[in-house]
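Structures follow.
One chain, chain A, appears in both complexes that follow, with chain B as partner in the first and chain C in the second.
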Partner chain A sequence: MSLNNMSLGTLVGKQYLFKWKAFAGVFNSMIALQLLAIVFSAGGVGQTGTSTGSVSIDLYYYSVDNVVGFTMVWAFFKSILITTKSYRNDDYLFVTNRLSSNLANILFVFSASVVAGLTAILSGYVIQMIQYVQGNTFLTEANPLSLGEWFTGAFATILYILFIGALGYLIGSVVQLHRTLVIIIPVALLGFLFVYDFNEPGMISMFKFYFKENIFWLFAMKILGTVLLLFAASMLVSNRLEVRK
Partner chain B sequence: MNVVECEKVTKKQGSVVALNELNIQIKKNTITGLIGRNGAGKTTLLKILAGLWRPTSGHVEVLSVNPFNSLTVSANVAYIDDSMDFPNTLTLSEILQAGKRFYGNWDSQLAERLFEYFSFHPNQLHTHLSKGKASTFNMIFGLAARCEITLFDEPTNGMDASVRKDFNRALLKDYLAYPRTMIISSHHLEELEELLEDILVIKNGKELLHEPIDVIRNYAIGLTGRSELVRQWVTDKQVLYTEEVGANTCYAVVKSEGIPLEKAKQLGMKVTPVSASDVCVYLTNRTTGGIDDVFK
Partner chain C sequence: MININGVFAPLLILFVLIGGALLLIRFISKHFPTMRRKERWLLPIYGAVLVSCGIILAFLEPFEERTASSEEERLSSLSLYSYIESGNIKKIDSEYIRKEWDFTHTDGDLRISSEPSHEFMASIFVEKVPGLENKVEVTYYETPLYVDGEDMSNYIRPPEATLSKGLLKLNNPVEHQYVELYTFREPFPYNQFIERKMVGNQNESSVFHGESIILIRVGEEKTLDLDPDSYIEYVN
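On to the complex of A and B.
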């Protein structure tokens, strides 16, 4: 019998396609969370009011911020989820090694981020439509975004979601190393949030580095570079992992 | 040609030593039965051969490469056990289609025929299958993958008697049509005996015996006779097992090598053959005490 030889590239492609089927469930939770966020946004995400004499003005803000926020939370937990035993073992029922499994997962996280980012941005139109149906026509008559602005906004959203997803994937991969880490890592992260002084200069400069970048392509490069580093670290920690325990 | 080579392979899990300097060689295109008690290290060995686990120390070669993290080994070794959790988003027929995409030698026709014979429903989910049905499905998956090396870890778990028989026949027929290397682990040998060419007995993580099945069939003989006579006669021989079978009657199993059978018969002892599966049971028994001693 001839040996079954498969190149890494072909295999990763096959595994990637398989993942769309095997991980399809994660999109159900994404849709549920985004719908929930749309409902929360229906009354406006912010409100200010002012009145002088008999004139009073109420300002309501409508945005997709809630939806993007919820989507980022989803991206984080979805990435952790696909590193867990039952999802990871799916690959090891068929042909795989740790490298190809990780590569296919990373491609999946990339694509899922694109899907999630686009639906999050497009949910803006659902929010507008809800307002229109409720008689709030002023909002829908506002100046539309230029095509360039729209794409920049969508791309930036996707990058944020991808960034959070990559972070989740690394945390998930580290947790898989030893079962005590399931407790240690969340406790350490929460403790860090309480104890750490976020006004510390290091944190502020890091925040500026990522989020105060005005040149878009530079911002994109910074995020993508970090994402690649996070994924590389995940591959490194999981490359010696024993599976199907 | 050997497709599997293990040299001083040790695997520790915490403080437990699952494999203890194990040395084995498996020839190409043979069916080997991996026999041992619960916890003898059968699953650990198979998982190391499949490249899923890493040995703590020692040297392992499968298809001339180190199996851990090897694409060649993953593509040419099927490891089938009863804890295969296929994703719930795939139906049974979709799992078989996925198998076809991954395994170059996948035999769709065989898969479909067996699928139909064991009356599976294409839209069923793997999690909804009963234990025996799941084992049967996994067996179909393992056979259809038609890998150079197929490892079955207690494949008949949960199967009823007739499915077990069908399983044995299906395996044998497919093996004859497409010879390949198979290792089947089990703790009851009798039902596999007709299939196997070689038997590898392991005990406490060490290889005890690795011989063709015919050698094992003639490995030991049973002697029955008056207790004093039998006990006295076997003192200088390799005794595998003794049992009081009645008033003043003793049954002893001794290694048949160099036993003067005629003399034994002349002394009034009854000489009986010992089946391969009994040999394995006696070999893997702990040397002192049995379950009866727990209740003393």
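On to the complex of A and C.
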């Protein structure tokens, strides 16, 4: 038993800093995935063109959509990873409880999403640099993004990654309840993908709720609200775990 | 802005990026011993490379700015054929004249052919004009060809015309022109909140074909021998 009397804030802060250092390796996998997505984007993500007699014209599109997509996949699995037993046992280096451990994890997921979102967006410059090095005729938007639009898009990207990360954290927490869930949950998710009719009105309205919202602050409220609910659910689930389970 | 558009500029940039990354690794290893493990320095290096690429691109501005047209502009593009059919060729705005050639031909006979005859890049029309005498005027008209709102005309080489030994020959500049352009589309989280149309984010058809016409004007007293395989038509 420890004689130290620490406030929750101090404890969470210390655990967060520890996690930031201890989990630094997860960013290597993020970098590897983003580089892989850049390689996959090397041939372009779309193309349009026409051919008239002796003239063929092709306009190739490049984008960081692949990088953002891969980063979301990374965020999902990274969040599951930090709920696993080996990562949770690291917390016992500190005077800790479930609440502080979860809060530190949530802070880590938040900051990792910021890093992942920003690097995903900035990777667009690498794609453009590759075009320049190859000597291709690259056209840029005549009416480019304003600073405000750039930041709005960057925040939206971060929020999407955070959303997927929070979802992964909940699934990771649920899986810890019982070993069999390690199999049941992925199978159920895959089965859901095959069986569920995504044109069903409920799914369409949910899709519109998040992805068709074009007022940024409303979108941010929706995503942050959902993320809070997901994290709250994760905390409730993990509170049901036995000590060191 | 500095304009380094030599052959070696891209190689120099690669060298600077790789060299800079290596120097940064050495600097971190030397001055921040706690960051010796690669887990710690890989992310800062990666971030530094991404930011450096952004700074270099902002500094060089190596790309061409799109001159994307509005939908109204594309739909209002005029029909050169209707001007030809109605005989109002002179009313065609000079902005659609892409190239002009003036020749002098003193013989009474003039042969005209195109190469390749079946895949020549423009429709050919001939007009006999009183008072032109020995002059042969060749004018290449072109209305824009839009791909995703971008006017591609500037990337297409116009045909070539030569007059030699009584033969006016129209040629494609090369056997087949391949124009490849590249552009960057903003990622989906950006397009969700941008009301104006950005590149590659248009719902309507992205290709608008223009018209290409070569008009040959000769004196009315000339006798013309038109290559039957070249699809040459008289204006009147």
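The rule we apply is simple: the second predicted complex is superposed on the first by the 233 of 245 C-alpha atoms of A that agree within 3 Å, B and C clash if a C-alpha of one lies under 4 Å from a C-alpha of the other, contacts with A are read in each partner's own complex, and residues count from 1 in each chain.
Methods note: a contact is a pair of C-beta atoms (placed from the backbone, for glycine too) under 8 Å apart; a residue touches a chain by one contact, two chains touch by 3 or more.
Model, not experiment: these values are computed from the prediction.
Colleague: Regarding the shared-chain residue A:86, is it in contact with chain B (first), chain C (second), both, or neither?
Modeller: The answer is first: A:86 touches chain B but not chain C.
Colleague: Give one of first, second, both or neither to describe whether A:11 is in contact with chain B, with chain C, with both, or with none.
Modeller: A:11: touches chain B, not chain C.
Colleague: Once the structures are superposed on A, label A:97 by its partner contacts, choosing first (chain B), second (chain C), both or neither.
Modeller: first
Colleague: By residue count, which of the two partners contacts chain A more extensively, chain B or chain C?
Modeller: After superposition, C is the partner touching more of chain A.
Colleague: Scan A:197 for contacts with chain B and chain C and give back first, second, both or neither.
Modeller: Neither: A:197 stays clear of chain B and chain C.
Colleague: Touch test for A:24: chain B only (first), chain C only (second), both, or neither?
Modeller: both
Colleague: Check whether A:44 is in contact with chain B, with chain C, with both or with neither, and answer first, second, both or neither.
Modeller: In the superposition, A:44 touches chain C alone.
Colleague: Per the definitions at the top, what is the overlap between the chain A residues touching chain B and those touching chain C?
Modeller: The answer is residues 21, 24-25 of chain A.
Colleague: Residues of chain A touching chain B in their complex?
Modeller: 1-6, 8, 11, 14, 17-18, 21-25, 86-87, 89-90, 92-100, 239-240, 242-244
Colleague: In the complex formed with chain A, which residues of chain B make contact?
Modeller: Listed in rising order, the residues of chain B that touch chain A are 47, 51-54, 63, 69-72, 74-76, 79, 81, 83-90, 94, 98-99, 101-105, 146-148, 178-180.
Colleague: Touching residues of chain C toward chain A in the complex: what are they?
Modeller: Of all residues in chain C, those touching chain A are 10-11, 13-14, 37-40, 42-43, 46-47, 49-51, 53-54, 56-57, 60, 62-68, 116, 119-121, 145, 147-148, 150, 152, 155-156, 172, 174-190, 192-196, 198-200, 206-207, 209.
Colleague: Considering the complex alone, what residue numbers of chain A touch chain C?
Modeller: 21, 24-25, 27-28, 31, 44-46, 48-50, 52-65, 67-68, 115, 118-129, 131-143, 145, 149, 152-153, 156-157, 159-160, 211-216, 219
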